[in-house]
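Shared chain: subunit A. Partners: subunit B in the first complex, subunit C in the second.
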Partner chain A sequence: MTFIQLVLSGLALGAAYALVALGFVFIVNATGAVNFAQGDFVMAGGYAAILLSTSFSVSFYMLLPLVAVVTFLLGVLLAWVAYFPLMRRPPATVFISTLLCGMILQNIFLVAFGPEARSGPSIAGAGMVRFENLEISRQSIATIVVAIGLIALQYLLFARTQTGRRLRATAEDRDMARAVGIPATSLIAVTFGIGTSLAGIAGALLANQFFVSPTGGIPLSVFAYIAVVIGGWGSLAGAVLGSMLISVFQVIVSAYVSYAVATGALYAAVLLIFLLRPQGIFSERVQRRV
Partner chain B sequence: MWLWLAKGIRVPLAAGALVLAAYGLFFASPYELRVLTVCGIFALLVIGFQYIFGHVGAVSLAQATFFGLGAYVTGVLGATYELGFLVTFPLSCLVPLLLAMVVGIPVLKLEEHYFALATLGIGLVVVLIAVQWQEVTGGTNGLPGVPSVRLLGVEIRDRLHLFIFVWSVLILGALIAYQVTRGLYGRVFHLVRESRIAASSLGIDVDRLRFNAFLLSAFYGGAAGALMAHVIRVVSPENLELSVMITCLTMTVIGGRTRIAGAIVGAILIVHLRESFRILESYTLMAYGAVTLLVLIAAPYGLIGALERLRARLIPEPVDSPPTARQLSALTAAKAGGEGGSLLEVERVSKHFGGVRALEDVSLHLYRGEVVGLIGPNGSGKTTLVNIVSGLYRADAGRLTFKGQDITNQPPHLISRLGMARTFQHINLADDLTALDNIAVARATRERSGLQKSIFTVGPDPCLQMARRNAMAAAEMLGIGPFATTPCGNLPYGTRRRVEVARAVATEPELLLLDEPAAGLNEEEQRDLAARIRRIADFGITVLVIEHNLVFLRSLAERLVCLDHGQVIASGSPEEVQRDAAVIEAYLGRDEAPERGQTVAGGDSERLASQR
Partner chain C sequence: MSVHIPYTVARSRLTCGCIGFLTVLAAGTTAFAADYYLPIVMPITGFMSVEGGSQRNGAVMAFEDSKGISVDYPVFDTGTSAAGAATALDKALSSGEAVAAATSIFGTEMVAMMPVAEEYKVPLLTISGLSKITESGNPYIFRFLPNDREIKVAHARYVKEKLNLSKPALIGDTTAYGQGGFKLLQEYLAKLEIKPVFEDSSIAPDTKDMTPLLTKVKQSGADSIVLHTVAAPMALIIKQARASGMDLPIITSSSLVEPTATALFDPAELANVCAETPSAPEARATPEMKAWADSYKERFGIEPDGLALGQYDGVMMALKLIGEGADTAEKIREAFHEATYQGVAMTYKSDGEGDMAHDADIVCWDGTSRVPGIAAHYAGEEMVLK
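Presenting the complex of A and B:
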């Protein structure tokens, strides 16, 4: 494998991570809540894809939309179970509750699908595509294309539509949004749904090459989180950029050294960022309101 | 003794402890003894976790890592190198402690979720190492053949003796935890949990305190892990896994996050629950999750906390009589410092939030003994200025000198210790502490309350007693003596404001910064507060008051400084400033003059231009 090829597969992985991280940032921006179950929703998306394609033989055109719907509904449920009852409590409470929901999900997967890792359906057919002497799998190309499409869609939704403006208003100041007649509670639930469905779609895209397993989501939560930390807390573009950096780094170091070293070095890098630039690499320092 | 027992639910807890001891010592089968021993180990782990999670309120996800690390140290040293308990046990506590030190420095300053994730990441790295470093750790299979505890030539093999041994360690650990949290030091933890900002501006080194709590939790985690290795006789990566962390978290949330009894009750409940559903492990974990979520929502203080609150509703708690006041001697001596000299110099300070220029080239001098009012429309930068002076914000440019010392960008607790105290626009009090204890926390630095001191205190904590007597003096100065023993959450708004001022006064400051102290008070309360602040100023304390309310200021301030758009636009006597054309324009726009004696702007809270 050449270096460029590694970078390419890193970017495909990064595109999927970017969706996970983006979903994570939506929820953070709208509610201030850190969703520690985000990675488990990636697995939920993977398992949903497996179930839909094997038991219901859904064609691959319908696969992603259906996975999105399933994980959207799960996200709305998450909002009602883990966020709304606890939103007036200290922020720590909400991330404990999402952590617990994540654990419940993991054990549901374990009971329903067994402990072994499983591979999901391919989205764009198997096989590789050749460009001169570069080879890239159709799945990777599909992942990149879907991710770019979804990111563009998110941008349009937030920047151009009335719903997007209402979502942003709710994220900015919930009480004020309510006062001007925006149904803030439903919009927050929708935000949770969008955030988790992005993770779910990423799961369906990743399931083919990277397998799904009951606890496979935990490191993904961590990666999404690290991506957001690197990119600057709350920044959408930063989340995408951070995801790309992490995945390219991971793929390259894993290929030349080992996965364990790659992961270890990543955490060490994050600790260093915490120490030197707690505001993230790309953003200004955030000041707490006193 | 009797009064001690009469508080909370100590009587039923003591009875429960006796029943438990009798059951363990005389009636339990060998299997039940083993289960109880495991309960004891988890209780120790949870008491450790309570320091960081319960007392200072930071969600650490590294407790299982410390636990597993302790187990591995005992496992490797015991099984491979055949070292005895007296060597392995201390090392099992120290290695996690060292890890916590290395990790704690970068991550403890972080906001809540950063901290949680950083600790989770460390846990994942340690698991990776345990699995990969096969020649030492035995990889995924782990290390068998961990020896039993051998102490001074006696081997503890028998299950009854092991039970007694583990519970003795637990009792020792619980005793230390009780010592650390029962006095003034524990109340400092409490304020740090409620408001890090308020604590640091009272001179409390919040980072240090959180660091200490983190180290304590690592120490306990290592001890519990070592004991577990001796009991199970095998160490494996399972000890490090997230499921141990979740178990620990579940026990803490269910039992109560700041209560020692909660740790023990939580551990006993969960370990027995797990034992009875052994075959259905994944269902059990699901049930854990669901039950913990339910307790989190319905009983935020856990079972013990819920019972204590129930008791307080049914049978009122015995109330300590308020202590006799002890004069704040440094305060009364302040006048001797002389008047007229320069106290605070703010030189050309600027502060930007992204594109918003909150402060631009602001200079301001305060002289000893004067009372200065800082006025200006909403968003003019008043609070930003106070935040920079007290060290909560960093200045982008400029220089600050206090008592001749450069304090530019110094941390808030050091600035406070030099003799500066402040109050906040949004009240920052611990609601479930009494008014008196809220004020007493401000004395922590002066009383030199500390970890070692509180561990070795016998009898009532002298730091707390002294702090409370001084706090009483401050409370009386603000006229809130009668409310001293009421929890702050039950006090009306105006009284809470005065508790905040009293807390600032209790640090015996030379400079007192008050951020809208009269906001939300009625006219009579305002007059009373102004008179009391006047009396405090008469001790020779310099006061800077942010206020919109000119009536309030006129009876108080000798000099007014007006800010607008981050710049000083006027400074002088109240009469001069009120007549100043620029001031009138800033408040009311052109061609209008304020009616004399009228409040120029609403006293509602000012929105700071802050950037996300």
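Presenting the complex of A and C:
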């Protein structure tokens, strides 16, 4: 029963991380650029949630949509600052520019909110929900529900709408998309916005139990990168599965062995994947599904 | 009669965030035309920024409260790293003829700074609890917070004698501070005939998800959680324990007794939580403490804590010795070993190794406020366990 309890906890955390990784893949797919400021947008979402709930008394129902709007706009700004001016340069240039934008964000957080950690609002209130011998916090349930909803929404957006088809066409071949009249530049900016708003929502969901701090996003950027490597580079479903796998793995190994071993084993696994299966664990399956 | 202030430390929470920039500015300055130079070298950024911020506030307030001595006291940020601390202290001490330096609360940083102090022959005034910094024979270290070797006695005794708990889960982090205190608690709990039912000292300070740890604590059948970690993991453990329905008594080290740490909680989440601390100025138990705490709150806009007061008393003692003629680093070092000083928190007297403070309080929260009350006081022989 303890094992199942741990898996449940891992899945709840993985659901939030999946949003971060999903946003990461959106941007990779649309531009080929690795957004290493993705973790800092998680913090931006957390800080936005704190600001909206404390300074503007925004209700629970409006909080996540407003956080999404704020981080969407920041993502569009990121595209104009860190991507468009450099998009004809080598990919490493964009990678560095997003990294620098992340550091600028960290310093903005430091000046605006101070160096100490902050706790965000509770999205679903305190307390546990019990299913026989299993228990899960209301906050975790809210995280899972929101993540499932957003993942479903992005699937519908990309698979069933004209905008989604245009986004996919732009990701496939930007110049060809432009040639057939698709506003590729705007759509790339929108993709950045969607990617960072997913990270922002994850930040709002995590801020209560995991706190936010100016440099708290750095490990999350690394985490998103690892999830994508494991799940399959460029695969949306792989990013979700990779995040879940990593979270459950870390929770289980930390519980039964130690935190240090869990972290070491995770990085060792990533190295092995680089060597033995560079396309990621789930990539083939995902391609077949698509 | 005036104290020279090289820059004004931010009052508001917003401008507190500018410390990093101010630090850069300060680090670029050299000694002003003040009579004495006494730099502040502390973790203003990084995971010890909460503790470092309190410590800095205490030092700054002491300089501002000093009468008749003109002191230049620029702030240098160590960045919560050993290398950063050694570099910052080297820069601070090479920028002027320091009579002393107020230095980091973080034991890992203090260990790195100790050789620098010896090289420049400048006394360091710290509130780091790590035992070994005053036990390594370095004559330039003076600690204004009880040595962990003493305060952990209060921590362990409170668990056994006041709470009557017998099956604690003992948790430490991977910092030198965490490891040192964890071992002392192991030793003292054993002397008190308590065998923890669960032990883990592998928590990295940047660990976020405490679910695995708390699951193991639950499985162990522990009747309490005894924590000795820096503030970040401690706050996460308490927050996530309460969110997962664990209402066990939690007895922590002093990192929790800071307004920026308690601000992370709803008051109800702090019910059944206690912490050791060198003093509890926020409880305002004496008229002197109340006057100081009110003045601190007016100055910085937040409740004070024992860390700020410890550093305040340490700097005030240095200023008093300077006023009495100890006007060089060597004279101050000698005077620290000889003098007795009545501070706001307690009476300070060196034990010959540089440990100046020998009192401790245990404070507890009642679940209705973020300000704790004093539950027990330990001093003298009570801080020794044979």
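Going forward, the second predicted complex is superposed on the first by the 278 of 290 C-alpha atoms of A that agree within 3 Å, B and C clash if a C-alpha of one lies under 4 Å from a C-alpha of the other, contacts with A are read in each partner's own complex, and residues count from 1 in each chain.
The rule is simple: a contact is a pair of C-beta atoms (placed from the backbone, for glycine too) under 8 Å apart; a residue touches a chain by one contact, two chains touch by 3 or more.
Here the structure is a predicted model, which is why all the values come from computation and not from measurement.
Looking at the shared chain after the overlay, A:81 reaches subunit B, while subunit C stays out of its contact range.
In the superposition on chain A, A:92 makes contact with subunit B only, while subunit C stays out of contact range. In the superposed pair of complexes, A:110 makes contact with subunit B and with subunit C alike.
Of the two partner chains, subunit B is the only one touched by A:225; subunit C is not. Looking at the shared chain after the overlay, A:139 reaches subunit C, while subunit B stays out of its contact range. By the touch criterion stated above, A:234 is placed in contact with subunit B alone, subunit C being left untouched.
Contact with both subunit B and subunit C is seen for A:260 once the two complexes are overlaid on the shared chain.
Touched residues of subunit A, counted separately for subunit B and subunit C, are more numerous for B.
Of the two partner chains placed around the shared chain by superposition, neither subunit B nor subunit C is touched by A:17.
Across the two superposed structures, the residue set of subunit A contacted by subunit B and also by subunit C is 107, 110-111, 215, 219, 260, 263. The residues of subunit C lying in touch with subunit A in their complex are 13-14, 16-21, 44-46, 49-50, 53, 174, 200, 202-204, 206-209, 211-213, 215-216, 219, 232, 235-236, 239-240, 242-245, 260, 263-266. Contacts from subunit A toward subunit B in the complex involve residues 34, 36, 81-82, 85-86, 89-93, 95-97, 99-101, 103-104, 106-108, 110-111, 215, 218-219, 222, 225-226, 229, 234, 260, 263-264, 267, 270-272, 274-275, 278, 284, 286-290.
Contact residues on subunit A toward subunit C in their complex (touch as defined above): 2, 5-6, 9-10, 13, 107, 110-119, 126-128, 135, 137, 139, 209-211, 215, 219, 250-252, 254-255, 258-260, 262-263. For subunit B in complex with subunit A, the touching residues are 57-59, 103, 105-107, 109-110, 112-114, 116-118, 120-122, 124-125, 128-129, 132, 197, 242, 246, 249, 253, 282-283, 285-286, 288-290, 292-293, 296-297, 300, 353-354, 383, 387, 392-393, 424, 608, 610-612.
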